[in-house]
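You will see chain A twice below: alongside chain B first, and alongside chain C after that.
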Partner chain A sequence: MIMEHRISLRETLAYGAIGLAVFFTVWSALVLSGVVPHTFLPLPTEIIGRFITLLTHTFAGATLPQHLLASLGRYLEGFLLAAAVGVPLGLLMGWFRWLDDILSPIFDGLRFIAPIAWVPFAALWFGTGFGGPIMIIFAGAFPPCLINAHRGARFVSPSLIEAASMLGTGHLRMIYEVLLPASLPSIVAGLRVSAGLGWQSLVGAELIVAANGIGYMMVQGQANVQTSTVMAGMMSIGLVGFGMDRLLRLAELTIGRRLGQPT
Partner chain B sequence: MGSISFDNVGKVFGAGAGALVALEGITLTVADKEFVAIVGPSGCGKTTCLRMVAGFERPSSGNISVDGKLIVAPGPDRAVVFQQFALFPWKTVRGNIEMGLRNKNMSLAQRMPLVDAALKLMNLESHANAFPHQLSGGMQQRVAIARAYVLDPAVLLMDEPFGALDAQTRVVMQEELVRLARLNPRTVLFITHSVEEAVYLADRVAIMGRRHGRIKAIVDIKSVRLAEQWDQLERIEDVMEQESFVHLRSSIWKSLREEK
Partner chain C sequence: MGFYLRMRRAMVALSTLSALVVAWFVLTTVTGLISSGRFPDPFATWAAMRQLVSPGYAGSTLVVHVVHSLTLVLGGFMLASTLGVSLGLLMGWSRKAEAFINPIFLLLRPIPPLAWIPLAILWLGLGDAAKIMVIVIAAFVPNVINTSTGVRTIEKTVFEASQMLGTPRWRFVGEVLIPASLPAIFTGLRLSLQAAWTTLVAAELVGALAGIGLVLNVAQQDIYPAMILSAMFVVGVLGWLMTLLLGFVERRALAWRTA
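Up next, the complex of A and B:
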């Protein structure tokens, strides 16, 4: 069994490497053959070079890590706000039917407005101020938090709810000690989706911020026709997003294991 | 204190053409400290009877009361032991048992001795800090029984509590329940499809038929048990070999069989 597992893991890695190698070879061939102009598509090595340069050299007023840090700060605020509102509200809607009936139509209408569609509205409200990007990240990150908490609470085994109610459990404790732990796997899965969507909304958010951040850096790169800077920015967004997703997946697995088999 | 009374209770699921009559004209009284078992085939409505006493469901007609009070909602005066245990998987054994006491706003100092006593009663002391999934089915059901007992409920409602256990564990738990009933008599409404289990445990057995959801007979066990001194016998198999036991079992069994 263990041998089999190792071999399949090795194969997975090998296939992954083949995929990446083909991708970068085709890319390089397109550039070197002149099919795609070099100005619009630099070589992969040039982008990595630019990425390394940006780690220590300032561009658009800051180094890449500083831009990233500014973005991450904004992102965390938007994301945490979305989680802090979305999860409790989702659980409440899962428990109180009337609240669900009141809020569902509003929410169902709003959630089809893509985060990027909030940009002009956020700009009107906050200008280039601090609230704009948070509002947009919130718009991206909020729905999965709410939906998964709501669904998790709805699908809690009825016998657990019956057991809790025959023990005389009140509303607050029911939500906090029964619905919340029972829907934790669903909530964490929602947080993972929400973290991804929030991070994806970030660049859109930063298009309206004129001071710093990874999105701002990329817009400045575009203005200077520095394709390698734009793409180095894209690369860092991808890397950070991937890292966060892995961390949250780990959290998801750990929680799943801690809870054991629900009876 | 704790008596249950069903007064001409009916239950209909659904409405209109698709409506299903689950129970009709159920009249039954369980006296204080009496152990009544309801036996019947699956789908006869026996579990619905228990769920209505628990307050999980409302009767469509008639009244159910405990100590003369009509039932409106679930509450800790009517503790339930479920077939599938329904323990909180994220709480330890102790956490599960003390949940009901915390709901009564008892302080830790008030709860501790009660929880310890319940753990001791069900021989769970060494598992107090274990999580349910670390325990066998039999142990999990002990926790569920301790969780119900610790509330000191007026009535105890047991819905096929040993139905999910293997045969050996089942026997141990049945003996255990008889031990508990002697130690600490309770008003119990016990649902089972096992005739043997009902005759072994109950003071009276109510037989439900498959059709119409009615109680077709109520058999008195207690008088036979006392007359034949079953309580002198330690093991369940000794009781089950008694001629009086065999006779009761087969007469109830026949009554159930006539249904088909």
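Up next, the complex of A and C:
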């Protein structure tokens, strides 16, 4: 037999459970047998224990929820700014050909600079507290917003545009009432990608600059050789990132269904 | 796209970029609207670039930094791709393997590659091993996802045909499974390469002994805007060159598609 057939849901769950069991058993065995030094790799339960401790105890100047709140504040501002600039600009570029011609070469050039490479200028221009990290998040989250809005606007069915222009629709109304709704599924898909990239850029920014936030907490954990703190930080970053992705996925599905576009 | 349209776009692109350079010159050198402490003028940037090439900056010359970063990123990328594509093929091929591995994957995937940097430093220090570790983590995931999706989208008739013809398993993998999922594999490779590059620059910014990220880091600490801009320029050019190279390999590998 060359290809395996589908397996039942029960089998899938069983294999999954075995997989997870093996993963955590090997991990624990490595630690308990002393193959991996305990300071380097804590037990899974110790990480969860550390996570719970950090919920109420201060580390690196704040508790874990406070660090997360600081990160989320930066993140939301950077992300919203990226969406607020990227989506309208993308739509405008999709409608006005000349704007596309002028701006595309610039964005094409900037595309290859990793968002994190903006860190030195971000720190120089906006400081390391709030503005600098926001700029890094913006640099990470902006391209998908722009690209997807642009692409969405480009692929709007020509008959819609013709119908609207026959009715004498002006530029602004055309963008707002035809292009925006028609490209909404693409825009939301872009927002989901940028949410992920922005979150990742935030972590990077906080590792390098910033004096609070989840990334800063991890750097401090690293400096103090507290592996459990670092891994509890990774766990929180994963949880928050996962939650946001689910939320935007939900929005994506809802909007896709409402507009009746097969995706 | 027609010839005329392509020419027009190229002309507009060229004039945009020239206008940008002129604006840069006017805003910094001529009028001084942007102070040199915030953004360097073209001459200072040129001077910093020359200094970076020779005698060097942040411990070594540009060539040494670039070779260091490129070796790490390409080495890590290849290692991650070999592992990731193999695992992706396995997961696409065997539902059992997928069911077994997927939960572990789902558990680790939401953690962005950059969040592994402190752990990598804790485990392996500031040297190359830590960089390889984070690059592999960053480049691994897109490979697995795209490869397994690629295998899943192969048409059933292809499998049935090779089964009917009694193709041995090893020939099936080499001659059917891999070629048929190659377009998806390349999508994964492109995403991985980008992730690997971003992650390496970040890891070098956090702490390194050599590399282009270290140049950025030292330039930031020295508050040397011209060097920051030069290093960013190098980051961009290297990213562009690597993408170009991969595109070239992809066209060669997928030549049968257009033929």
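One rule holds in what follows: the second predicted complex is superposed on the first by the 236 of 263 C-alpha atoms of A that agree within 3 Å, B and C clash if a C-alpha of one lies under 4 Å from a C-alpha of the other, contacts with A are read in each partner's own complex, and residues count from 1 in each chain.
Everything below uses one rule, namely that a contact is a pair of C-beta atoms (placed from the backbone, for glycine too) under 8 Å apart; a residue touches a chain by one contact, two chains touch by 3 or more.
Treat the numbers as computed from the prediction; the structure is a model and nothing was measured.
Applying the stated contact rule after C-alpha superposition, one finds that A:Phe155 touches neither chain B nor chain C.
After overlaying the two complexes on the shared chain, residue contacts for A:Phe130 are found with neither chain B nor chain C.
When the two structures are aligned on the shared chain, A:Leu167 is found in touch with chain B, with no touch to chain C. Of the two partner chains placed by the overlay, only chain C lies in contact with A:Tyr15; chain B stays clear of it. For chain A, the partner touching the most residues, choosing from chain B and chain C, is C.
No residue of chain A contacts both chain B in one complex and chain C in the other. Chain C contributes residues 8-9, 12-13, 16-17, 20, 38-39, 93-96, 99-104, 107-108, 110-119, 121-123, 159, 162-163, 167, 169, 172, 197-198, 201-202, 205-206, 213, 216-217, 219-220, 223, 225, 228-229, 231-232, 235-237, 239-240, 243 to its touches with chain A in the complex. Interface residues of chain A facing chain B in the complex, by the touch rule stated above, are 157, 159-160, 162-170, 173, 177-178, 181-182, 184, 259-263. Against chain A, in their complex, chain B makes its touches with residues 54-56, 73-76, 78-80, 82, 84-90, 99-100, 102-104, 131-134, 140, 147, 151. The residues of chain A lying in touch with chain C in their complex are 1-7, 11-20, 23, 40, 101-106, 109-110, 112-121, 123-125, 196, 199-201, 203-204, 207-208, 215, 218-219, 221-222, 225, 227, 230-231, 233-235, 237-239, 241-242, 245.
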